[in-house]
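Right, one structure below, let's go through it.
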Amino acid sequence: MPVKGWIEVDEVYCKACELCVNACPAEVLEISKDRLNPTGYHPVQLVGNGCTSCMICAIICPEAAITVFRENVLSREKKAETEVNH
Amino acid sequence: MTRELLKGNLAIAETAIRVGLDAYFGYPITPQTELLEWMSRRMVEEERVFLQAESELAAINMVYGAACTGARVMTSSSGPGISLMMEGISYIAATEVPFVLVDVMRAGPGLGNIDAAQSDYNQIIHGGGHGDYHQIVLAPSTIQESIDYTVLAFDLAEKYRMVTVVLIDGIIGQMMEPGILPEMKPARTKQPDWIPPKWAVRGKEGHDRHLLTSIHMSPTLEEGLNLRLLKQWREIRLKETRYKEYYLDDAEIVVVGFGTAGRVALSAVRTARSYGIKVGLFRPISLRPFPEEALEKLVDQTKAFLVVEMNTGQMYKDIKKIVSNQSRVEFYGRVGGVIPFPDEILSEIRRISSMSYQSENIDPIDAWIQRLEDIRKTEAVGR
Amino acid sequence: MDIPNTNLQVVYQRPDVLTKVVSHYCPGCTHGIAHRLIAEVLNELNIVNNTIGVASVGCSIFSYNYIDIDFTEAPHGRAPAMATGVKRMLPDKIVFTYQGDGDLASIGMGEIIHAAGRGENITVFFINNANYGMTGGQMAPTSVPGQKTTSSPFGRDVKTAGYPIQVSELLSHLEGTSYIVRRSLHDSANIRKAKKAIRTAIEVQMRCLGFSMVELLSTCPTNWGVNPCEAQDWLVENLIPVYPIGDYKVIPEVAEIRVKG
Amino acid sequence: MQMEIVIAGFGGQGVLFAGTVLARAAMIKKFHVTWFPSYGPEMRGGTANCTVIIADDEIGSPIERHPYGVIALNLPSWDKYESQVVSNGILIVNSSLINRDIRRNDIKTFLIPASEIAEHIADRRLTNMVALGAFLAKTQILPLDAVQQAFKFTLPKRHHKLLMANIQALDEGYNIETQLAQGI
Amino acid sequence: MTRELLKGNLAIAETAIRVGLDAYFGYPITPQTELLEWMSRRMVEEERVFLQAESELAAINMVYGAACTGARVMTSSSGPGISLMMEGISYIAATEVPFVLVDVMRAGPGLGNIDAAQSDYNQIIHGGGHGDYHQIVLAPSTIQESIDYTVLAFDLAEKYRMVTVVLIDGIIGQMMEPGILPEMKPARTKQPDWIPPKWAVRGKEGHDRHLLTSIHMSPTLEEGLNLRLLKQWREIRLKETRYKEYYLDDAEIVVVGFGTAGRVALSAVRTARSYGIKVGLFRPISLRPFPEEALEKLVDQTKAFLVVEMNTGQMYKDIKKIVSNQSRVEFYGRVGGVIPFPDEILSEIRRISSMSYQSENIDPIDAWIQRLEDIRKTEAVGR
Amino acid sequence: MDIPNTNLQVVYQRPDVLTKVVSHYCPGCTHGIAHRLIAEVLNELNIVNNTIGVASVGCSIFSYNYIDIDFTEAPHGRAPAMATGVKRMLPDKIVFTYQGDGDLASIGMGEIIHAAGRGENITVFFINNANYGMTGGQMAPTSVPGQKTTSSPFGRDVKTAGYPIQVSELLSHLEGTSYIVRRSLHDSANIRKAKKAIRTAIEVQMRCLGFSMVELLSTCPTNWGVNPCEAQDWLVENLIPVYPIGDYKVIPEVAEIRVKG
Amino acid sequence: MPVKGWIEVDEVYCKACELCVNACPAEVLEISKDRLNPTGYHPVQLVGNGCTSCMICAIICPEAAITVFRENVLSREKKAETEVNH
Amino acid sequence: MQMEIVIAGFGGQGVLFAGTVLARAAMIKKFHVTWFPSYGPEMRGGTANCTVIIADDEIGSPIERHPYGVIALNLPSWDKYESQVVSNGILIVNSSLINRDIRRNDIKTFLIPASEIAEHIADRRLTNMVALGAFLAKTQILPLDAVQQAFKFTLPKRHHKLLMANIQALDEGYNIETQLAQGI
């Protein structure tokens, strides 16, 4: 079973270049049709399950807009300080 | 000959092509780049020489080489790029070969920004390169003038074997206005009536060899060159002045401004006239030689001069030298890429028209700094 | 779409060294990737407080607004000379330049060759996007034959405009250079390799091994007239053949670092 | 007579082009005219604007703090220029993208759903022409046919297939029925 | 502190070293090269930074980088090399980092020759680089002054974060005279009391990051910078003038000259005094800011000024601006590497003392050209 | 000694193309040899009237006083740019630069690389004497490690002053170059070879084959502090090891000329 | 028997660098002790027989001061125009 | 009091050095002094000269058209400077290399076989010191011991083995018996 992942786009930075959309092997990213950020772009959003937290989107993102999370299966306690709740 | 809507940069470029430019060498820099880009297309179409140099330093030396062959040559740049050309310009001036330089001024010093300014006046007028040399500087203020004075620039450059500068700023470079371009002619050296100048370096077939150099190890000879250049300049000084006057007949206040500042001032002068203020505009076009005599003639009738520039008062100093002690000279400038609006100049005119001329003792520059700082406080947003 | 309700661990996030400022770069421009990689490496090597960047004139001129370290800004093409001045005064600090291909390979050719020839102990990040981005896409010495640009509207004609200059190859022949490699920013695999190279280059400097340069093939979707994803392909098709990815100079002392690293 | 017009909007909305068409029309009608763009590192998105001045005598300044007419194709431009229009001046706002209350009653503001009309005709990219048409109707500064003629000269040859749609956009903008917007 | 017999070039170099120069970057050019050569030995001995740059363009940018770290930095050059530095100087001025430039003038324009001249006055005084910026210019005329004003140059540069120029010519660079050098101190940044300036770029350890740049895309901000630079200059203008006066108490003729021309004039003035002519010498040392007030004070007592230069009248124009309309201003210059002998200036003084001041209507420059051409005919051999 | 009373035939004489002027060169300086070879080749190829020389700034600045052809004089280092300007206007004429190592390899590095990169159809004569002769023997980029000069009084220290730049090697890596060779002027055999190379280089230009350069190792007895004969040895011992004589780039079309020639 | 040769030094140009003296395989060149040219140098002169007209001296001479002659054995009449008598 | 001295000769004759010795001696004796050389692309042979001015007040010009004293070590220098010496000035000529009639009777010309004396002592290269010695004797501008002291400071350490020979040359020049040369 693939690692379960999750990404967040800091919409302020996103310029809708679609590089991440194009690069995501899981094809779980798309440009949001409805939202506009302050610079006038439609930011990217995660859609559907299947993110593997492979980080490719974050690596390709020229705006460093993407944070990648991974399901913490190994050491829940130890890494507690870096955890983020949703 | 039809009127066309033309950008300043393109108008100058196309004019140069039409009067037979043989070669253009240049390097991109905003707000001049469109001139180069136009050349990159049109010169190739016309089978002339276009070459994007690796730098402004290389460009000016390519110009130098091409000019030595007697060809009609041009380059263009702005601020930092012009500074890089200073050594080459000094050499070319010393060698007495003609070329036309287009300087599209932007804001400085340093990298500054790409908006229009006139802060390279000193550099161009009072010699940025080393040594005693002189260059003709023409500062058009409209697109039609940009065309006409580009034509003239080549004529003067070749007549006097002298560096001639067409000095504009980002506004004139970027704006459009209707203009009538000259007729298309072949490249100068391909024109049937062209014969190589007697000094041109083109191989010594048929005559004694020609040598073009700027070094004269004997001080006596070098002094001779310097004096020759100076004497020629003394002649040009009297013969080649150009300017335009507006509403000066009965003017008691004379606004002086060139290029963009000059045309912004024109708007203000018109409005002031509509308020009944006796104000006129003196717009020098040849900044070198400066139309000193024409300006001096105004001294008697004038209670105050107002010099308007897009710098901190560079031409102002020269004007003061010419008319001062007889008349009050005031200054208003915007700097760093800020373009004055007509209403700013208008309020300067109104201020001057309502003040007793001998009253203030504070230096006009210091006074201006104070006024400008006040203005800047109010306009943080508006710009 | 399920929102995972298990605990999540951050595995990748915007590095702190990047300021919280929206860049002025066009969408998809890979200058931003290069910035991020440098920021990450400075972080990892723990030299954020000891590094001085020398920005150049080009689209990256405001790189100093994005990478939160001490910075100076050089005249067009002169970053290697300016960096030399900084480094000679502060030999214990890390000094890098960040230069475009117009800046480094055209107007700044003299300075880069001499800084390399001197074996100046600085690091150069050379962003090759085959044109002058900032001024609107004119031809650069690195533009490829036939490339249409705003100053080569009929395509670069090698007969009059000359041949592309391969900077990494050229500099690698100078004895003063220690580490000269070319990488590309067009996909994530290459970006990872680029980051390793950036790290190695800085480590070369930290060990006083001399001049290091990483050339990064970079996209300029705006001036290439394609969208950001197409730009990646354009790069692969047009740039990599002329500018092959590879190591052009790795002196033995550097090879050692990399084995350890 | 002198009339200053500012056309402003996002980078891709064709404001410089619309200004050029207007300027060229003025030239055709033998007016003095200037056109001045915002310029700079163009490719970084953001807003663009140009100032067109039309007069029957030599034009001084090519820019003006308080223009007579403004065409604002997006919100930032509306925000910026609303306060700058001269008293009794005209402001055309592209109300498709934006809507808010007007802030000045001493100028004539017309809210035109220009983008919608444009999309209706063919393409959003005709927005500029719709707005320009409306502006011409409100100001009567130049006859429509001069602008149409100017348009033909201005459009690059390779785009001539777009000619009719643009002419139509101008027309529809010209003929749109609008009320003067009322402030609160 | 002993008097030593010192060459100008070496005196300046050694002085810089003794006041703690951290780094020197330069490129050979006559007649400045000895300064660089001295640095190449002594800076290495003192374990400071010496680097021969690949060009003047590189040198000024190395200076720029080093100055950004807060270090004490210098470069030197002449004519063509100075022209190549213009872009960098404008950048440095815009960035407000201090450094000292030594300009050892030779004859121009172009390659000219290597003999002494003052023909780069305009370039240095009125801005050779682009944009509105200002620099302090000190023109010593003896070896001791070369030492003293080099010391001062560093102080002023660092106090005002401003480009400061020590302007000499080939004569002062090459001649020897006794002088007393300052005490030897360690490199500035190694001195115990030194703390990095608050703007220095040295890594952000312990504070927010520092950024030194010359670009301000917002015209409003760029205008702000320009105004700040200007206001600082207005202050310097009043505070930092220097000059030396000789025999002025009862002088009716005032000779004005700087540097070598100034000292040659001194000889002539002395001889003229021995003939009973009421003549004195005003020798400006700070050419920027120019000691305008001190000169103006002389206007009332003075029937005529005689400006003596080794160029075609560059400072003359500035002097005219200051004193003209009240007093007659005459000019005498030698150019192209020719050094005027005292007797030439003496005969100018005699000519002026015996002439009715308002008599001649011909422009002083034109009159000088005529006189000089006559002189040149007689001296073909003598030089 | 017998004066031969048979008829004598001139087998070698000062070429006409050299002016009847005593040069300003120091005794034994091989700049003079280079001048003579160029003069001979111009004569032999019958192009004296169609050739334009571009002099540079260095001891050879007055080369135009000695070679009796049309000449211009370039600012220090800029001869390749100036020659480009001349050649672009007069593509049918022969244009050469004559540059010292300070001029070409130091201040003029940008211009030479770009002229070469463009494949500019000009010929460069590059006189490498490992120092700045004219200004009194300062270090040049070509000075060899340890070489004492007036600006490296303790010997060139490669750690601070960098490594010698091998110009022929460097330029040969640029695609625009067609003929790049190094020769030496220290003895008659080498001088003969130098002349052949000079001739080939000009022929390359005559056939529009692109950029050609002949680097000539040359003596500077005055600044090397040795007599002219010792200078020949100094060159062999110190320069040739760093600057090997040889052909660095000969494109096939050029090789053909040489076979025929 | 070696070719019989002869050289002449144009004394105006000679700077007494001795490169020719050093290079001449026949060792028939020397600096004249007694004569001074206008530039103040003692010019080179041919001494003794044995010049082979090998041209080495002329090739090495930086001042192009040397003319080399060869005894005209082959075609006295044909080359008459280039002859020089002494 | 001010005295201008020009020392001139061929490149290798040590004229700049002799001038430096003289200048340093003047400094030791607390005079004001300047020394100015001909400079330039030095290595091209030819002639060299320097001007030394010694005075008891601040010195103005470091060059002078009509010097008081001239030491001419070769013919071109004699030719050039004979006409320039001020009336009643002193001209020392190195008569070893050259001889011709003198052309001026209003100056004091002394013909000194300096090179011969120098060769006699040790080496031709002492010519400059012999001539300087003679000049000092004729002008009495500075005491011999000050010049000797200056000499020691001026000679680079590595040449100190030449000290005695030079001092002797100075001495012999100083003590040489010469007649004022008479013109025709």
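Going by the order they are written in, the chains are A, B, C, D, E, F, G and H; count residues from 1 in each one.
Here, a residue touches a chain if its C-beta (ideal position, glycine included) is under 8 Å from a C-beta of that chain, and two chains touch if they have at least 3 such contacts.
From a predicted model like this one, the values you see are computed outputs, not experimental measurements.
Enquirer: Following contacts chain by chain, what is the lowest number of steps it takes to reach subunit G starting at subunit D?
Expert: The least step count works out to 3.
Enquirer: Would you mind checking which chain's C-alpha centre is most distant from the centre of subunit B?
Expert: Greatest centre separation from subunit B goes to chain G.
Enquirer: Scan B-C, C-E or B-F for the interface that duplicates E-F, counting it as a duplicate when over half of the contact pairs agree by residue number.
Expert: B-C
Enquirer: Write out the two chains that share the greatest number of C-beta pairs in contact.
Expert: B-E
Enquirer: Roughly how far is subunit B from subunit G, centre to centre by C-alpha average, rounded to an integer in Å?
Expert: 62
Enquirer: Starting from the mean Cα coordinates of subunit B and subunit F, work out the distance between those two points in Å.
Expert: Inter-chain centre distance comes to 41 Å.
Enquirer: In whole angstrom, what separates the CA-based centres of subunit C and subunit F?
Expert: 37
Enquirer: Going through subunit F residue by residue, note those that touch at least 2 other chains and give them in order.
Expert: 25-27, 61, 73, 75, 106-107, 109-110, 114, 135-136, 141, 160-161
Enquirer: Send over the residues of subunit A in touch with two or more other chains.
Expert: Each of 39 in subunit A touches at least two other chains.
Enquirer: On subunit H, where are the residues touching two or more other chains?
Expert: 40-41, 45
Enquirer: In the complex formed with subunit C, which residues of subunit F make contact?
Expert: 106-110, 113-114, 117-120, 141, 158-166, 169-170, 173-176
Enquirer: Would you mind writing out the residues of subunit F in touch with subunit B in their complex?
Expert: Those residues of subunit F that touch subunit B are 48-52, 54-55, 61, 64, 68-75, 78, 81-90, 93, 110-111, 114.
Enquirer: Mind pulling up the subunit E residues that touch subunit F in the complex?
Expert: Per the stated touch rule, the residues are 27-30, 33, 36-37, 40-41, 44, 50-52, 54-57, 80, 110-111.
Enquirer: Report the residues of subunit D in contact with subunit B in the complex, numbered from low to high.
Expert: 20, 23-24, 27, 32-37, 39-41, 58-66, 84
Enquirer: Which of the residues in subunit E end up touching subunit H in this complex?
Expert: The touching residues are 3, 5, 30-31, 114-115, 142, 170-171, 174-178, 260, 263-270, 339, 341-343, 382.
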